[in-house]
Each structure stands twice: as C-alpha cells, then as structure tokens.
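There are two complexes below, and they share subunit A, which is joined by subunit B in the first and by subunit C in the second.
What follows is the complex of A and B.
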C-alpha cells in the first residue's frame, strides 16, 4: 500500500520499488551530492563567503597535482576504514567503532616503531610488514570484543563499538602525554619521529599514488572476498536473513566474528596509514574523524567496495579543501563539515528515493490508486 | 442474546471478496458484530480471518462487498479512517515505543490532545481506565519495563483513548502466559458489558468457547459456521474448522513402506519460543518409503517437533535417531550432510534470502560442497549450472537466475525451496524429508505439484515426515497419520483407512 502525502491539490505518492537499475542508483547519488553542494553554497552565502570561490577551491583540490596528492593521502584512511565497515554493515553488524579501531592501529604501528627505535628490535627491512600485521591485529581486536559481546551476551554492538572508541582515543592520549612522549620533544605530546624506512615509499611512485594503488588492491580483495569466497557468501546471507542462515546450517557466531575481525583489521591498517604517511609520528589527534567519515563514505558508495574509492576520494578532497578554506578564507573549521553533513543527509534521502518511487498526482475525482 | 437482535449491528460486512495472486483469501464472506458481544473468529492458519479483519481495519481494500458501520455504508481505505470510525485493532506484535512512558505511547498520534499537553489530566484519565479494568500498570511507567501482557494493556488503552467501540484482537494470547490470557478475557468481557463490540481472532477452540458470545468459523476463505457459543460444542467447531470429507479426492497410493525406520524420535522434549514446553515426550518412527503425516490443531507442538528434528531448535531431552545413529546433538549442517532435507514453515521467509538472487538461493545449502565450491572459493559457473537445472526441472518461473528472489511469487519461491531440498546434498538424494506446511499459501496447481513431488520421493524410498493443517491433504498423502495434542503423539492411524471424524475428535481433545 503506497504512502500518500497531501499538499493542497496534489498527492505525493511513495510506492515501494522492487528492482532499481544500477544507473538509476548512481544518478540518485550524483544528484544527492550536487544538491548538497547547492544547499551548502546557500549556507556559505549566508555566512558571508562566496560559494563560487569555495566551489573553485574544492575543484582545485582535484585538479592541482600538489593538492591531489594531499587528497589521496587523506582519502586512504577513509577508504580503508570504509572498506572494513562495508563488510560489517553487509552482515548487519553496526560497527561504528572504526575511529577507535583506527586509533588502535595507529597505536600498534607506533608501538612497533618504538620497539625498534628504543630497543633495536626488528630489522628495518621487516619493520613495515610487522607494523602492518600489528595494526591489523590491534584494530581487529578492538572490533572482535564487541562482536564477542554480541554473539555471547546479545549486547548491542552500536553501543559497545562506540564506547570502545573513547577507550582507544583516551588510551592513545595517555601514551602520548605519558610514557610514549618523545624525550627530545620539548614537552610536546608527540612520539618520536618515525625513521624513513618506517614510512611507505617506492622509488618510482609518489606516496599518494602508492596509497591509491593500495586502496584499489584492498577494495578488489574485499569485493572478491564477498563475492567469490565461502565466508563472503555467509556474511551476505547472515546480514540479510538470520533465520535463513541458521536454516542453511551456517554458524552465525563464527561468521560475525570473522567479519568483525576483517572489519576492525582494515580500520587498524587505516590507522597505520595515518601515522606513517600523513604525520610520521603518533599525536593525540591522529584522526580528524576518518572513522566517522568512513561511515558516510560506505553508505554513499552503497556498500559497494569498488565505489568506496571515488566516494573516499571525494571526502579526502573535502578535507583538503576544508584546510584551504580555513587558511585562505579564515572560515571556521566547522565550515567544511557543513558540506560533509549535507552530503550525508542527502545520501540518506537518496536511499529513500532508491527504495520508493515518488510520483505527484493531482487529487480530485475518484482516487483510483491504492 | 435475544435482545441483541433488535439492536443495530456495529459492523456488517456483506459479500466480502479479496483475492491475492493465486489465492482467494475471502470468498463472499459475511460477518456481523453486535454491540455488547465478544465475537470469536475461529479458523486454522490461512483460513482468511486476519485478511477479513485487515479489510475492516483499512489495511486492505476488498475486491467486492460492502461494509456498514452502525448501519451506514462506508469505504475504509486506511487505518486512520478506521480509527475515526471507532475501529481499533490490537496486532500480534506490539507497536509501542519502549523508552516512552505508557501515557506518552497512548497519546501518540491521538486526536484532541492539542499542542500543550495536560499530563495531569491525561494521567488521571488513564488511571481511571486502568482501575476500571483492574490492571496494575501505571501511566508513568516506561514501556520497556512491562511484561507482554501489560504491553497489550497499553495497546488496549491506546484504542480506548481514541474512543474505539469496535475492538479487534488478532491472536492476542499467542504472546501471553495462561494467567495473562485469563486477565485479557476478563477485560474483553468488561468491554462487552460496556456495549463495545469485541472481535477475537483465534485458532484455539478453548479460547473461543470460554470467552465469546458468538462464534464465526472460517475455512479456506469462506464462512462455514455462525452460532451462539451456548449452542455449539468442541466437536462441531473442530469439524467445521477442519472440514468434512470432500468427495472427489485423488485415489491415494500406498508407498513401498519398509520395516527399517529412517527416523526414530524417542520421548522428545522441546521448548518453544517462550521457553514453555512445546513438545512433551513425543515418540514416533518414520520408515523408508512412507509418508508419516502429523495432524494437530496448530500450536500443539508440531512445528517445534519438526524444527528439533531438523536440528534448528534445541532438544531439551530425549533422542533422535537417524538410521539407528544418535543425531540428537547434530548441527543442521551435519543433518544435511547425512541426507536430511527440511522444508521449513513459511519457506518464503525462512527458507530463502529474498534480497539475494535465485542463483545464490539455489546453493544456500550446497555452497560448501564440491563441485559448487572448493574449500575456499565458490565456483559460480557450476552453481549457475545447478540453478539452471533446478529451475528447469521444477518449473520455477523467474526472470533469470540473477533476479532477486523477492521478485518471485510465493508459489515459485516454494518451488525453489522444494527444488533445492529434494536435490539432496551433493552426494545422495535425501533419505529423510521433513516438510512443514509445504503447500500452505499456494494455489491449487502449485500445491498439487508439491504433493506429487513429495509422493514420488517417497516412491523412490525416502521417508517423509509431513506436517500439515490441511487434514484432507494428510489423508490423501499419508501412509500413516500421527495426531499431536499438547506436545504428545496421542494416536497413530493407518492413513488411507482413517476416518476424518475420528482424527478430528482426537485433534480437538486428545482422547478419541
């Protein structure tokens, strides 16, 4: 039965759609993004900034080589975390703890570096690999605990993953203000600088391109895992219909645990990418909310791992442009966040439009549809 | 009873017809509700009771027929229109906001509350209502703190606050304890004394007999009996619900029954969803080459028994033997590997994932086994071959194997489930098939198709446990019929010689 809204002489009729083409979905998403730019423009105008100038800055972010490099660096943690989230969301596990998992990944990567710097453990050749493993494990542990609480005790993962964020952020802060503070850092809350071989680079490729490649490889792996492997199939079935999964003989708890392990692990790697490519050491504000932006990005991409890459680059660009707006126009930091928030709202609205066809019908006469 | 005849009926539904794709849910149904009566609408699942009341509540529109409320013909095209006409419905699943208080839930969306809310007045009014019915809830308590029975009282308060005079209860006791049910019946009687009309939708004979003034029995979309409760009895109602023997039935053929039981259930105890004992010491054998039908009024433990045997429900105590081997602690996957097929109740809900494709659903059980996959990867080419073969052999009508299952009709979804289950595991055909309501909700053609397939599997030597609410179906298909009553097997009949009346009596009261 369609839902009807009456406005003056017109009915707006919402009718559930069964099949939506991929083209229609992409079109709705693009329109949502454009609409949010227009509304944000109006808000900027009210704040006394020229929207055209701001649009130009945003476009600049994607056309200038230097800014694009920065954009790619900033989008990588968002993309990796969003890829992790897409796995969790596909199985109906509402992991909103990517931020905390990212902090734990940053913590573990730094820990490995400190072991090397302070105690001379681990050879420089192996350092990055060990950091990668450590950050994956730390991130997945941070997601596995809520998954364990959910499968064993039925605890709501939205609450537990969120709470784990605060624990992770405060824990990292404790380390930075306490034992891990650089002794030669003039009292600033920073760890020691990472040595160059603890920061990924290749002789024939810029770090930004390297990170983009890394994102593409990870996205392909996630995509193939979901589509072609047995656990991927189980994750999709568990997410769509728990009863059918049980009936098909699937082990629901272990599926959720495995999916959470991958989800948190990818966010953990996002944390390692943040400290190694963007900052070069552990700081209290490792992430300006990459883990939360990843939620928006995962949704903007409709949980499709391959579409997460363009969506993530868009958000990386917005961050870069946000910085530029802050310096060039002395706009408050929250200015750029308006745009992000609007994109999120319009994406949600877009989800609704994808599910329901909207038609406007003139009222009056017999109402034939119902 | 006599004076109600002179009163104006609250509701008159005349000649209501409602068709769904492939089924006539209501076929020329007449129904009246008088003020001051509790009217039980009795029938098996799928008899069309809920459809009829959903029409009255404005959730569906009838294809044909008229509805009069207090003598005036009306068109009810939405629940809000129904509420304006004084009609209220208490659904099986409550529609309450757990974190809000009772009073907040009651006034939500209620007319005449106004912009400024006078909480004191509302609380006072609600307290009076609550005291009148002898309940113990407080308008200020939070809904999440309440028991199921108390939540239902909040639902009733919502209706009364909106001034409903016609109250419909859809299977209201399904979520209640026996004590809470008793309390609810007292409430219903009180509401009737106040001149309201109460409709109780139920499939439980005892409920209808104990609380109602009048009973309408529906079967397969039609009204088959309307009588004052004082002038009828259990046996008459049971037979009306189940139906008399229909003349032109297929000539049933006995199967190649063997002496080897493929399944033995020994003194099984199983808990239901509310942790009550649903199966209380059931024992039975299913032999290779036979169909053992299980008859029973729904809610007597049949579904829980089947789920326990399929190992999707925990066994409390007792034993399940498959070919003599103890499988009581097996997982559903182990059962599948050992040649057990399971057609679940509501196959369209629990047997498929509607957001996934036909192809993906076709391998929902075989995805772990060669040749559909190796240890890690799924071979989609092999899967597509299998899905194409299943669709063709079982004539599943689907746009393509890559179409989502939600685009298929109910009958075709059931065919898909059947196709997948009867295929067996990747090594052998199933030796035991547990089929729960396999034809419910299907049109005649699709139902016959399912029956023919089950029968041919039996002829090939499989043992089949068939649970159905359609006694005609059981009589036509089963080599033996076991009757379940209150979680126990109370009698076993030779299928083709059993009399419907005899089985009906046993279903209704547990003793012949």
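What follows is the complex of A and C.
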C-alpha cells in the first residue's frame, strides 16, 4: 500500500522508485537547498531579521572574488573531512567523530611545528610533509579506536566517536592553556605562530586555489579508490549488503578498520589545513564545527566524493556569509548553524523524494503527474 | 571549611541526585522511545531546545510556563523526528543527528541576548529589559518534603530538592508500570520487538511510535528545563555539553528498564558532581580539562564493558530498534 497524504480533494501519493538518474538527484538536492533557504528566511523573519538582507549577503559571498578566497579556505577542511566521512558512511560505519579527529590532526601538526621551533628538529623542507603524515596518523588513530571497539566488542560507534570529540577538544584545550601556550603570547591561549614554511603556499597560485586543487586531488583519489580498487569495492559491499560480504568471504573487520583509518586520517588532514592555512597557530577554537558540517556535506553530496566539492564550497560560503551577518546585522553566529541544519533536514526529505516518486491524485480518481 | 562540608557522603549523594536528574529524565523518555523501536539521536538537540524554551518562557511568565513550554517544544521536536523516520521511513541515525544540529543552532540563536530580548518583548512586554539581558533565570526553588527531609543521610540527599527531581522519580516508576504491567506496555514493547507481528495482532504501530517518541521528547525537553532552571541557571550556548548523547548510552546501561535508569542516572550524576569536587580535594586545579573528560571517558568505558558477550546476553535491545517499518515490505 503506497503512502498517501490527503490534502483537500487531492491525494499526494508516494510510490517506490527503483532507478533515478544523477540529474534528477542533483535537481532534487538543489530544490532541497532552496527550500531550506526559504524556511530559514521565515524563521529569521519571525525572530526579527530581514531575510532579504541575509540572502543578499549569501549571494554576495559567492559573487565577490575577495570573499571567494576566504570561502575556499574555509571549505577545504569541510571537504576533506566530508570525503573521509563518505568512506565511513558508505560502509555504514557511523563516524560522527570527524570534529575530534580534526582537532587531533591540528594537534599533531602543531606538535611537529613545536618540535621544530623549540628543539630544532626536522628540516624546514620536510616540515610540511611530516606535519601531513602526523596529522593523518593522529586523525586515523582517533577513528581507529572506536572502530576497534566496534569490530572487536561491538560497542556502538555513534556514541563512542561522539564522546571522543569531547575528549579531543578538551585535550587540545589543555595543551593550549597549559604546556603549549606561547611564552611570548601575553598569557593568551595560543600556541606560537607557525613559521612561513610551515604554511602551505606556492609562488604561482593563491592559497585558496592551492587548497581547492588539494581538495580536487583528494576527491579524485577517494572516488577512484571507492570505484576501482578492491578495498573500495569491499567497503561498498560491507555497507550495502553485509550478508553478501560475509558470504563472499570478505574480512569485514579489517575492511571497517581500513575504512576508518582513511576516514579519520582525512579528517586529521583537515585539522592540519585549518591550523596551517586559516589560523597559523593552534587556538582553542580550531574549528567552528567543520566536522559536524562535514556530515551534512557528505549527505548533501549523496556520499559522492566528486559532488562533495561543490557542497563543501556552499558550506564554506555559508560560514563566510555567517561572519558578515554577525557584523552587519548583529545576528548571533548560530544563525548559520540553523541554516545548515535546515539544509540537512531538507536533504533528508530529498532522499525520500528520490526514493519515492511523488504523484498528485485527485480523490475523484483522475490523476495528474507533477 | 567549605571543603569539609561538600565532601561528606550526604553532600555527595545530594549532588549525584541533583545532577543525575538531568540524565534520569532524558533516559526515561528515551527508554520509552526505544522500547517502541525508535532511536532518538536528536535527544541532545531536544534537551537544548527544552532549556532554551524554559529560559524564554520563565522570563516571560514564570517557572510553570517555562517547564510546560520545554515539554511542548520537546514533543514538537520529537514529532518532527518521528514524522521523518516513521512516516517517511528515513534513516533514524541521520535524522536524529540533523535534529540535534537544528536544536543546537536554534537554541543558541533564541538564547542569545538580543534575540531573546525581542522574543520576550513579544510574549510579555512588561518584563524589565535588564532582567531579560542577564544570562540568568530565577532558580527553581527547592521544595523539601516535610518529615522525610529530616531522615539521616537520605533525608537531605533525596528529599530536599525541587519538584522536578521528585517528578522524575515518579515518571520513572510510572513508566516501568506502564511498560511491564499494562496492556499498553505490552503493545509498546511488541511494536519495538516485532512490528509486523504487532500489526497483524491489530496494534497500531504508527500511532504507538508517534506517541512514545513524543512523550520521550517531552521528557527530554523537561530534562533541558531542569538542567537550566534547577541545576545551572546561567545560560551558555550548548548548555547540555553532550549529556543527551550520554543519556543514550545510559539507556543501554539501564538495559531499557526505567527502574534501572534511576540507578544508572544517579551513578552518572555522581560522576558529574564529583567533577566539581575534585578541585576541592586539591587535584586537577591546573588541568581542569582532564577532570571534565571524565563523563565522556566513563561513557566509552561503559559501552566497552557492556559489549562483552557475557554481559550482552543478559540485556536485550528491542529487536526492531532503529528499523523502519512499512506494511508493503
């Protein structure tokens, strides 16, 4: 019995669809985003803010070249973490811990810089490479622990990864308020500033473009890994049909461990990107919730690594616009969060529309497709 | 002198009950929700919205309005969740997370001073501005129970709190009776265990899931109101600090029983109360972050212990927990 909702003389009928084209999916997603903007606008209007001003600022963010650079910088950690999450979610490993893994990546990258600055270890040429490795390892370790608890003991990873977020953030806070505080920083909770060679840059392109390129390369790698390699295939099968994976003799535990390694590692790199490009030192507020936004972005992109790029840029832009709203309209910064969460909810509604075709039927019997 | 007073057993239990009530309300509601087969990962967001609603309505019309508003808001948030996961059959984990994010954003927004001021002005223009702009609400008064409060040790520990604390205990006991001693409870549990069978026997699966989730949401909202009005009456963004997620873990630890939820909630309340006593013992003053990690670390540890197969055999999650139900499949 298909689901029916009755409105006046019409039934809205939802029937299961079995095949949907990518264009249809993208169209539904775009409509979902627009719908969430409209609902957010209504909420803001009710709370005394002009939606038109807000829309203007969001559009402005995407049309101004100067702001685009900021947007690209802010979208990179979101994109990298979302790429990692797309791997985890593909195998139904609910890694909600990207935020903590990102903090651990930021911690490790900073640790390497401090080893260099305080003890003269690691030559400047190798510094960025070592930081990259360290942040990957720290992020993946933070994800492998819950994955281990899940595969060996069956502990629910949703809660463990979430708890690990709080622990990671408190740990980074401890370091910044304690041993890693800059001795010349007038007591402010900051690490020392990173030297220029610890911050990625290329002579012939802006940091924003460099980061976009980096995102594109990573997305292509993740896409190819999932599509063309054996571990990628196993990750997809474990998510889609666990029984089939078992029957085919796949080692499910090691697949989940490998997927978690990559997932956490990418979030770790996102943490390194945050401290090296955006801030240039370790601070208590490394991330305004990039790891949580990454969950939304991964879903908005339908877990497709290539679509994560535009979805991530949208979210980077919303963050930039959120700052503008805070200054120009004195709107609390959580306003951007409401908009993001609404995009999430409407994306889920979109999931439903993608799965079930919508038909409007007159209760008299004559039907008209919409 | 202060240290000596707060380190007594009596003070420790009192603190555990006071903090544990936050967990108890949220976990009791979630036990009901999960017994009907719905996993509400939006609990954290519901608690935050409950806290924010209680703040605004207490400022406007007093404590009672604040408490009622928190429950209504909690139930409405849960309605959104249950519509998504029961009627539209969307993934419960993802929907719950989305709801938590929505609650986090919206509660932070309406709780912020400037927005709060315009809402309160709309609701009740006679409230003086300076009260609205303070990040505080009047604390819910304690209502010690005569006679019982004078019992040694347990008197102060259990019977000297505000009314929500007593209500939470009554709710937990009532819910246990409802679930395990009535026909309705049997229907709720059967829907959580085997919805197709329950449906075949004439139980309205959808209605039970809607009601259980909404009542659970109302209790989650009340938990937020208690946290803000009764436990920590100064407003900060994300005031729950992950307690909604910890409550989800407590439901597992309580083996989906409202009575065991009382014990488990007070245990975690004890840990939380202990955090604030650690500095008084002269420990961790330099490194408060490690003390603050405690509840999260203990939650992970709990899940690990619960996962050992011997323990797991004794407790059973509702078999249909987290699974959407539809007649056509």
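Here is the rule we go by: the second predicted complex is superposed on the first by the 357 of 370 C-alpha atoms of A that agree within 3 Å, B and C clash if a C-alpha of one lies under 4 Å from a C-alpha of the other, contacts with A are read in each partner's own complex, and residues count from 1 in each chain.
Just so it is clear, a contact is a pair of C-beta atoms (placed from the backbone, for glycine too) under 8 Å apart; a residue touches a chain by one contact, two chains touch by 3 or more.
All values derive from a computational prediction rather than experimental measurement.
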With the two structures overlaid on subunit A, would subunit B and subunit C clash, or do they fit side by side? clash
Under the stated touch criterion, which partner chain does A:247 make contact with: subunit B (first), subunit C (second), both, or neither? first
What is the contact status of A:64 with respect to subunit B (first) and subunit C (second): first, second, both, or neither? neither
Please work out whether A:237 is in contact with subunit B alone, subunit C alone, both, or neither, and reply first, second, both or neither. first
What is the contact status of A:166 with respect to subunit B (first) and subunit C (second): first, second, both, or neither? second
Tell me which partner A:295 touches in the superposition: subunit B (first), subunit C (second), both or neither. second
In the superposed arrangement, does subunit B or subunit C reach more residues of subunit A? C
Determine, under the contact definition given at the top, whether A:228 touches first (subunit B), second (subunit C), both, or neither. first
Let me test your reading of the model: by the given contact rule, A:50 touches which partner, first (subunit B), second (subunit C), both or neither? neither
Looking at the overlay, does A:359 come into contact with subunit B only (first), subunit C only (second), both, or neither? neither
Among 2-10, 200-208 or 236-244, indicate the stretch of subunit C whose C-alpha atoms run into subunit B. 200-208
The shared contact residues of subunit A with subunit B and subunit C are 1
Within their complex, state which residues of subunit B touch subunit A. 59, 61, 77, 310, 312, 331-336, 342, 344, 349-356, 360, 364-365, 367-368, 373, 375-378, 380, 404, 406-407
In the complex, go through subunit A and note every residue touching subunit C. 1-3, 16, 43, 47-48, 94, 96, 149, 153-156, 158-160, 162-164, 166-167, 170-171, 173-174, 177-178, 292, 295-296, 299, 330, 332, 334-342, 344-345, 348-349, 351-352
Considering only the defined contacts, which subunit C positions touch subunit A in the complex? 41, 80, 84, 87-91, 93-95, 97-99, 101-102, 104-106, 108-110, 112, 114-115, 118-119, 237, 241-242, 245-246, 248-249, 252, 286-287, 289-290, 292-293, 296-297, 299-300, 303-304, 306-308, 312, 327-328
Subunit A residues touching subunit B - in the complex, by the definition given at the top: 1, 18-19, 228-230, 233, 236-237, 240-241, 243-251, 367, 370
